[in-house]
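Both complexes below contain chain A, partnered by chain B and then by chain C.
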Partner chain A sequence: MTASVGILAARLGVPADPILAAAFWTGIAALLLTLLLGLEIVRLRMSLRARQRRETRALARWRPILNAAIVGDRPPQLPTLAPAERLHFIKLWVHLQASLRGEASAALNDIAGRLGLHLEARAMLGRRARSERLLAALMLGHLGDRQAWPQLLRLAGMDDPTLSLTALWALVRIDPQAAAEYLTPLFIEREDWAMSHVAGILQQAGRPVAAVLAGMLPRLGAERLPRALRIAEALRVELPAEALASALAASEVAVATAALRIVNTPLLQDAVRARLHDEDWQVRVQAAKALGRIGDRSDVERLVALLADREWWVRYRAAQALVELPWLKRPDLAALHATLEDRYAADMLAQVLAEQDAANAAPDTAPAPETA
Partner chain B sequence: MSAQPTVLVVEDDVHIAHVLTFMLERQGYQVTHVADGRAASAHVAANPAPDLVLLDVMLPYVDGFEIVGQIRALDGWKDTPVIMLTAKNTERDTVRALDAGANDFIIKPFQPQELLARLRRFLKTPA
Partner chain C sequence: MNTHHLLLDFVTWFVLCYFILLNGGYLLLNLLSLRTLRRKGQEEMLDELPRAYSGLEPPVSILVPAYNEEASIAASVRSMLQLTYAEYELVIVNDGSKDGTLEVLKREFGLLPFPEAYRRQIPTKDIRAIYRSTRSPNVRVIDKVNGGKADSLNAGINAARYPLFCGVDADSILQRDSLERVTQPFLRDPSVVATGGTIRIANGCEVAGGFLTKVGLPRNPWALFQVVEYLRAFLFGRLGWSAVNGMLIISGAFGVFRKDAVVSVGGYRSNTIGEDMELIVRLHRLLRARRQHYRIEFVPDPVCWTEAPEDLATLKNQRIRWQRGLAESLNANWGLFFSRNGGVPGWLAFPFMLLFEWLGPLVEMGGYLFMIVSFLMGAISWQAFSTFMFVAIGLGILLSASGLLLEEMSFHIYPRGKQLLALGLVVVLENLGYRQLNTWWRLIGLFRWATQKEASWGAMKRKGSLGT
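Let's look at the complex of A and B:
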């Protein structure tokens, strides 16, 4: 054996010196690896091109059928969806569903139902490929497939946030009422889920979520209440006055400010007025803003008093609240400005009036982001 | 207006562009599609105005607000009706679209029949 290796080495011209021989074999190994890598790149490119060709063929076959369905032409018969076409079809279908609504969306559901894709999507939920599970969850959500509920619930409990949030979205699409009861406590609990995602998912279940939140608020502790109120704010749902009243009176700043941000009924004017002189300036800021939404004529005097607050943001929000009061017209505000004896109050009202003028002069200028 | 009204569709989403083109051609409109803001800008500068422009807000390179500004600043184009496609939950975009000079807007996700009805307000024939 040793002799035959020696003969091979001699034929290949391997140097006799061990160090040079090691360098020779290292070079040969590197060459082989480079060749293998090159072959793998060629294989991947060929595979990609083949996939693109399959996708092009699938789209060329199915796009006209889906387009016709979207505009109201229900095809009497559908061709068979080949296994190689399924993923490409589902991707296109999901994309169109995300961009269309109403009758067009129903027509797409009709096509998918006739092709038996609800069964395919349920099977895809159980597969290992993450992209297939995501597509399946999206498809089942658009289809409103009630039978997929237990599978989606399991997917929603997974650690992968994209998979779980997509599954939660599908649950809301399938049954907003049942999803609101399941998801609202979960979303209050999971502080790590971004509010924009939570709001996006719950958007379709606004009314059931409001009902669940109203029932939960009296039982929630101060550590969970702000998150619950922020969900209500993000969804723009109105909570019953009695459910908000105790949060408005809370001693915790986070609870009181979250409640003040969403209060939108004159029934709670007194509860808001009670926070105008709170020790915490953030509470005073939100109380001033809230009074701008729900206050009456008697609140002008209260807001004018806040124009002299020691905190800049309170003065600024009080001035904005005054300017936004529907019954105070520009001449009224000018007259009010003339009566202000406090220099800081007069300056602040003048600034907000100037901002309003600038905004009216350049209506497409985006307003500055709110920080308080 | 010619016998076959012309519509310029500016939409970067290839699937939605196909749907829009299919819908409009089926209604008898002659459709020209451009897929990004830069191409739209060049098209506006180099071609006569169509009967209507259907313009997406979010476009690569140059956004829809800027395109509508260019349309309104150009003789021959400035009176062309422009309908903008804006995303849901972006009321600010809708206001900006109208302020920039758009005649109307459609919110995505959209209903094809609603879109066609809005178009018909500006194009009397042939649909």
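Let's look at the complex of A and C:
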């Protein structure tokens, strides 16, 4: 055996030296792998082309039918949906649904129902292919398919954030009330779910979520409270003053800033004022902003004092808060500016007044930046 | 066996093992990239759905350092104003340009002096004036004394209003949705401090209104080689390291950063050529030393296109600068190397960079020279020489082919069969001289770093047909 390998190696020109033999075989392996990669690249390109051709054919057949349905032209008979067309059809259907509402959306649901696609989508949810599961969840959400609820709930509990968030979106579409009760705690818990996505999903269930959140707040610990408050802020939920009061007094910076961002009632003025001289500058920033929303005439002096804060953002937000107070007119602000002895305070008020002038000169343009 | 033979054997073994380890390391990174790209491909159709903004997307300050960019700055700014993103501002930093960059900006965007309370968080050269556009309220221009690109970026960071900033080269061509794509990791994970995206070669592409309208391949062979080189560098070089949170570089042409994290480590270092890489290595070093949980991520989407040099002299200068930048970045951050909390960046990525990128040119060029000289002097046989060349070039071709495979699996940017064929040919050809030439330039870069010449803005000779 060893002898025959030796003969074969000699015929192939394999060096006898072990170092060179190792190098030679490494080179051969690289060559073979390169050839394999080349073949794989060609195969991928050919399959891409074939897929694109199938997709073009499917779209050419189904797009006119779906477009007609959207404008209220219900086709009496539908052609058979070939198995090779299914995924392309569902993709097109989901894409159109994403920008439709009301009757047009219902017309597409009708077509999907007549083609039996709710059954197909439920079957797809159980498959291994991730892209098919994502597509199926989107379709079932648009269809409002209640029978898919248990399957979607299982999917929502998965670690994969894309899959779970898509399933959650579908659940909220199917039944906002039930979804709010089941899912709001999950939304607060799962920090790997991006807040912007969470807010986008919950927009459809704003009211039920607000009720659930208000009930949950008193029971939440400092770890979960900031995220819950951020959800309330994103959904523009008005939380009861008593639910917010303890959060405003919290020693944790994250909790206090989240509560200050959302506070919108003069009932909590004193709680906000108490945080104006907090050690943490982020708390002072949010307190200044909050006072701009809910403060009274007595707060002008407090905000003027903050104009000389050591932190740039506190000075900036205090100046903005002053400029936004409805009873301080431009001449009042100019007079205030003239009295400021602190150079940093005067510079900041001058900047914010100039920003206001620029915004007034271009009324249809974007508002001043919002950050800290 | 005499000493001469022993030495010869040792060097031969060393060089061969080095080449095999180098390419094997890259192939491992390739496997890591494969997984990420597969998952990304499965989510492709979600990207195609109409997008609605929730209002919670973090606003971004785009920082555009500009030095003598009068010919292209207006078109660049206009195209950046058309990016699709919920909220962003443009901060253009005129770094004491000697041409009419500032005048062009004043004229095109109706700039007026603005009494801004400039916040000096990071020391920079003096600010002469701050302007605000009367036509686009989200455009500001900082006019400052010349201090280099890093100094300009620091001035931009000081003036930035938003929690994220995006450093962009003034001549970069951005995809319209580039910000949306590159900020995704920040939305998903609050511990993300920096992200970068794939940079592609714009030579041979059609550009209109500051945006890429048609993808093509360049006719110029140097630019063509760089197309494959960029595929390799981004699709598995960076993506592979990103998968294990060990990415040590985000291209200065386009990268998004969490401002407070960058300020906390002191901003960009202004006395270095490779300020982009140095910042990332320093972020790793200092955040790890603080035991802070963080991530630096790579988004494989092609988000930014750049014009590659088409003449040998400019290309050579660019590569020399890159190698110097790499050497400076590693040298300034030895504290990360096998540090107690170094993790993947300190125990894998830094040593890898040191061994294969920093010392690479020395060993590679030394290896080639050793083999050629030994062969010519009769110290090694033709068989040994040809075997060495076979394995060195063969592994190089394998790596380039795997870059092309990743591209075909994920983005298939080049739609025509002819383009694929051309790239296939380049995959082979670039290993027959171009890579060796690159190694030589990098060796010069290493030498220049060792002799420590001062850094300044890099003069890039471009065709300039893309920016307008």
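Everything below uses one rule, namely that the second predicted complex is superposed on the first by the 307 of 372 C-alpha atoms of A that agree within 3 Å, B and C clash if a C-alpha of one lies under 4 Å from a C-alpha of the other, contacts with A are read in each partner's own complex, and residues count from 1 in each chain.
One rule holds for everything that comes next: a contact is a pair of C-beta atoms (placed from the backbone, for glycine too) under 8 Å apart; a residue touches a chain by one contact, two chains touch by 3 or more.
As the structure is a prediction and not an experimental result, all values here were calculated from the model.
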Which superposed partner A:A234 touches (first chain B, second chain C, both, neither): second
Which superposed partner A:A82 touches (first chain B, second chain C, both, neither): neither
Chain A residues touched by each partner, larger count belonging to chain B or chain C: C
Which superposed partner A:R130 touches (first chain B, second chain C, both, neither): second
First (chain B), second (chain C), both or neither touched by A:H95: both
Touched partner set for A:L39, first chain B, second chain C, both or neither: neither
First (chain B), second (chain C), both or neither touched by A:A359: second
First, second, both or neither for A:A104, with chain B first and chain C second: first
First, second, both or neither for A:H197, with chain B first and chain C second: second
Where chain A meets both chain C and chain B, residue numbers: 95, 98-99, 366
Residue ranges of chain A touching chain C (in the complex, touch as defined): 13, 15, 17, 19-20, 22-24, 26-27, 30-31, 33-34, 37-38, 40-41, 44-45, 48, 91, 94-95, 98-99, 129-131, 134-135, 138, 161-162, 166, 191-192, 194-197, 199-200, 203, 234, 312, 315-316, 344, 347-348, 350-351, 354, 358-359, 361-362, 365-366, 369-372
Touching residues (chain side chain B, partner chain A) in the complex: 13, 15-16, 18-19, 22-23, 26, 65, 92, 95-96, 99-100, 108-114
Residue ranges of chain C in contact with chain A within the complex: 9, 12-13, 16, 20, 23, 39, 41-46, 48-50, 52-57, 59, 87, 89, 114-117, 119, 121, 132, 134, 136-138, 161-163, 187-190, 383-384, 387-388, 390-391, 394-395, 397-398, 401-402, 404-405, 408-409, 412, 417, 420, 424
Residue ranges of chain A touching chain B (in the complex, touch as defined): 63-64, 67-68, 70-72, 92, 95-96, 98-105, 363-364, 366
